[in-house]
Amino acid sequence: MTVSLNPDTNPDVHPDARTVEHTGRGPLDRDELAALVARDIPPGSFVNLGIGQPTTVADHLPAGSGVILHTENGMLGMGPAAHGDEIDPDLTNAGKMPVTELPGASYFHHADSFAMMRGGHLDVCVLGAYQVSERGDLANWHTGAPDAIPAVGGAMDLAIGAKNVFVMMTLFARDGTPKLVPECTYPLTGLACVSRLYTDRAIFHLGPDGVTVAETYGTTVEELASRLDVTLRTLGGREDAG
Amino acid sequence: MTLVTADPGAAVAGIADGSTVLIGGFGMAGMPVTLIDALIRQGATDLTVVSNNAGNGDTGLAALLAAGRVRKMICSFPRQSDSWVFDSLYREGRIELELVPQGNLAERMRAAGAGIGAFYSPTGVGTPLAEGKETRTIDGRDHVLEYPIKGDVALIRAHVGDRMGNLVYRKTARNFGPVMATAATTTIAEVHRVVEVGELDPETVVTPCVYVDRILDLSAAEVSA
Amino acid sequence: MTVSLNPDTNPDVHPDARTVEHTGRGPLDRDELAALVARDIPPGSFVNLGIGQPTTVADHLPAGSGVILHTENGMLGMGPAAHGDEIDPDLTNAGKMPVTELPGASYFHHADSFAMMRGGHLDVCVLGAYQVSERGDLANWHTGAPDAIPAVGGAMDLAIGAKNVFVMMTLFARDGTPKLVPECTYPLTGLACVSRLYTDRAIFHLGPDGVTVAETYGTTVEELASRLDVTLRTLGGREDAG
Amino acid sequence: MTLVTADPGAAVAGIADGSTVLIGGFGMAGMPVTLIDALIRQGATDLTVVSNNAGNGDTGLAALLAAGRVRKMICSFPRQSDSWVFDSLYREGRIELELVPQGNLAERMRAAGAGIGAFYSPTGVGTPLAEGKETRTIDGRDHVLEYPIKGDVALIRAHVGDRMGNLVYRKTARNFGPVMATAATTTIAEVHRVVEVGELDPETVVTPCVYVDRILDLSAAEVSA
């Protein structure tokens, strides 16, 4: 089954889309960011949410969206986090947190679960990142620090397997260094795989044409351009939403 | 979202001329006869059909062949006691045949569904069916490089489906259905019965709903003669 | 799980085994041949019986042998042929004949079924043949006749997948031509894969040492040697069973 | 024939030093803790362990690591909030680590069980985890050649087993169990309950008995403290 990304925010299907600058407010907080990701997941999609912040996107999916969550440890139809008596050690998500089962769920083993991911059957996955390059290269599994213990999990499989890879991260590191970069300096997870980048300051579309700013939050395209070392395009035009 | 319909015509709508169609079944067990009949009425032609056999008797796949809609068969075992339709077409040079060992046939479709680019198979080494194929010795054993077989459409038969598209099968009629469901862009399943979401035990679902685009409910279908 | 072949007829584990010549009788009929194959299948084996004559081996497996039959169309624990009310179009064997299900059976799809075969998990498969070469090459899927419609099914997968490949055939074609040959002239099914050859005139072990005659029926090793164009070894010694 | 035992020591008897041991579980879900404890008592050492994680807390796989029995871990995700045992061993240089993307880990074990010599995987292309590996462009997409991971032994946990060795699992504790069962020479499963032959529905068996050599019946096991 194929679903299409939200046409309102998809320049491929909405040629009149304009870049929107939200200048009358500050950057997005984590909750607002998760809500924006959720907004862009089409109804009925099959979706994998990565460990950590991406997991919170589930809380913002509207009731009746028909979105079906996949967890790499062998389940479609995953429900919300389990609490109290619901907690079952045999039912966890990819982050090993107890979760619940929704009607219409199914269980399968790990090779079948990753066949589903790698075979291109999931519509969207949402991942965190250390860095994303302007070509859509993703670095999210290893800081490359010599004393760090590397762990990759299913990140590389999701990066190349899902039809659309959404990344959530802050646009700048704590020291102000941009995390949207010309070339990743951290070890790579996948090449040219990120299609959407959701950050606290802006939402970017990534593709063969490079980096397009879809929306800004508490900043402008100009300001971003001055702080990022990548070429920024805008949608057909620009609009200040205040 | 999975389309659930009682109309065989709606179930097979849009299948294009020249499509590669994966058709489930091992002989008649698991063969989606109602979908095939609908495909014959729908009219798509110049098809490449991937199925274990090349039709039995005069119904199902044999009827599709008899209607002249199939340019090429990819299968493991065309010659059977009741494969007279295929036999004549083949002898008259009116159909192409690609013969694939049954395990390679199943595994090549699995590879298509699982995103595997190609795999080294131990089957067929040194035989005419490996001629012209790349080989490699791995761990002292010879292997043949085999590529995925991907379908534009899969037509399969399952036992019960729910409204989300989850499927369970029955006995050896399961055969190629679950594999083909993963290997096609659009998977269409005919089922004996459709149940509400939540009625299938999640532990026993064989084909998860992500693989199923349309379900034809045979219990409700108006099957034309 | 690994089972061992019958030590009484396995020269690898029974160095005192002797070639037995049954000269006081005629060749084996099809039923006797099937019984001898059944005799050599160790209790508890997982076994695939090919289409046609090999299917009849099941009728000769003793009750309580614990042999579990695999059918390539997705089942372990296949029972005898179905009759009358037992017939279920959804339950057939590899020859598409109606069969039954035994307690402890399981069903699986085709890729899993062939993974089981090709991964070396079946102890024995029994196949028919047009020809077997002295190296154990098998030809059983195609006569090579220009007007024949080729059909291979699972033969090539079984030939390379089962731990032990037993072949059942007549030793000579109707015109007297031997079917145990120096080199197969028919299109091959698999290379060096046959370990035991059961014929109406003799039972042969095939392996790296060539062809060893284990038993003869209605003939002698000498007579066979004169009619076959392959070198015949005998077990440690020879014994005339009359 | 499958051995069914209530004695954890009998279940793990004969595992040799230097073995490659596949250990099921995703975190603690599906981890065969009783078999691992028995393996610690059994004493086999110099092991290569293949498991998704590298131990949680101080029990199960973490305890095996703490006992100094593991020379090398092959896993996808060693670093967790509660992986302190592995973390110290690794930082002290007392354990080798082969990091494998989770999908390649699962598929490489499937390949071992399915007789696939090697396969081209789309995962990891252009990353440090593909360094030194053969690559090939197939259909415009780059792939990395990956080889099977075969175990001498698999230790897994299932939910219910029958006396022939057929297994069913429970929820996401299924995870690696069915794949590892196919990939090892000897597969040993601990199950919560053993039932008589015929009590499991043949349609719902996940691991057919051909893959299971020994079953430890936890409901009857005398587990030492």
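Every chain is named by a letter (A, B, C and D) in the order it is written, and numbering of its residues begins at 1.
Operating definition for what follows: a contact is a pair of C-beta atoms (placed from the backbone, for glycine too) under 8 Å apart; a residue touches a chain by one contact, two chains touch by 3 or more.
Owing to the predicted nature of the structure, the values given are computational and were not obtained by experimental measurement.
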item: Partner chains shared by subunit C and subunit D (touch criterion as defined above); value: B
item: B-C or A-B - the one linked by more C-beta pairs in contact; value: B-C
item: Gap in Å, rounded to a whole number, between the CA centres of subunit B and subunit A; value: 35
item: Averaged-CA centre spacing for the pair subunit D and subunit A, given as whole angstrom; value: 31
item: Residues within subunit A bordering two or more other chains; value: 75, 101, 107-108, 114-115, 117-118, 161
item: Multi-partner residues of subunit D (each touching 2 or more other chains); value: 107, 110, 114-116, 121-122, 169-171, 202-203
item: All touching chain pairs, where touch follows the definition stated at the start; value: A-B, A-D, B-C, B-D, C-D
item: Subunit B residues touching subunit D - in the complex, by the definition given at the top; value: 107, 111, 114-122, 136, 138-139, 141, 143, 147, 168-171, 201-204
item: Partner subunit C, residues of subunit B touching it in the complex; value: 26-30, 52, 56, 76-80, 83, 86-87, 90-91, 97, 99-107, 109-110, 121-129, 142, 169-179, 206
item: Of subunit A, residues touching subunit D in the complex; value: 71-75, 88-92, 96, 101, 107-111, 113-115, 117-118, 137, 142, 147-157, 160-161, 187-191
item: Complex contact set, residues of subunit C against subunit D; value: 1-2, 43-44, 46, 66, 68, 70, 75-77, 101, 103-108, 114-122, 160-161
item: Of all residues in subunit B, those that touch subunit A in their complex; value: 1-2, 110, 112-116, 162, 164, 166, 182, 185, 197-198, 200, 202-203, 205, 208-213
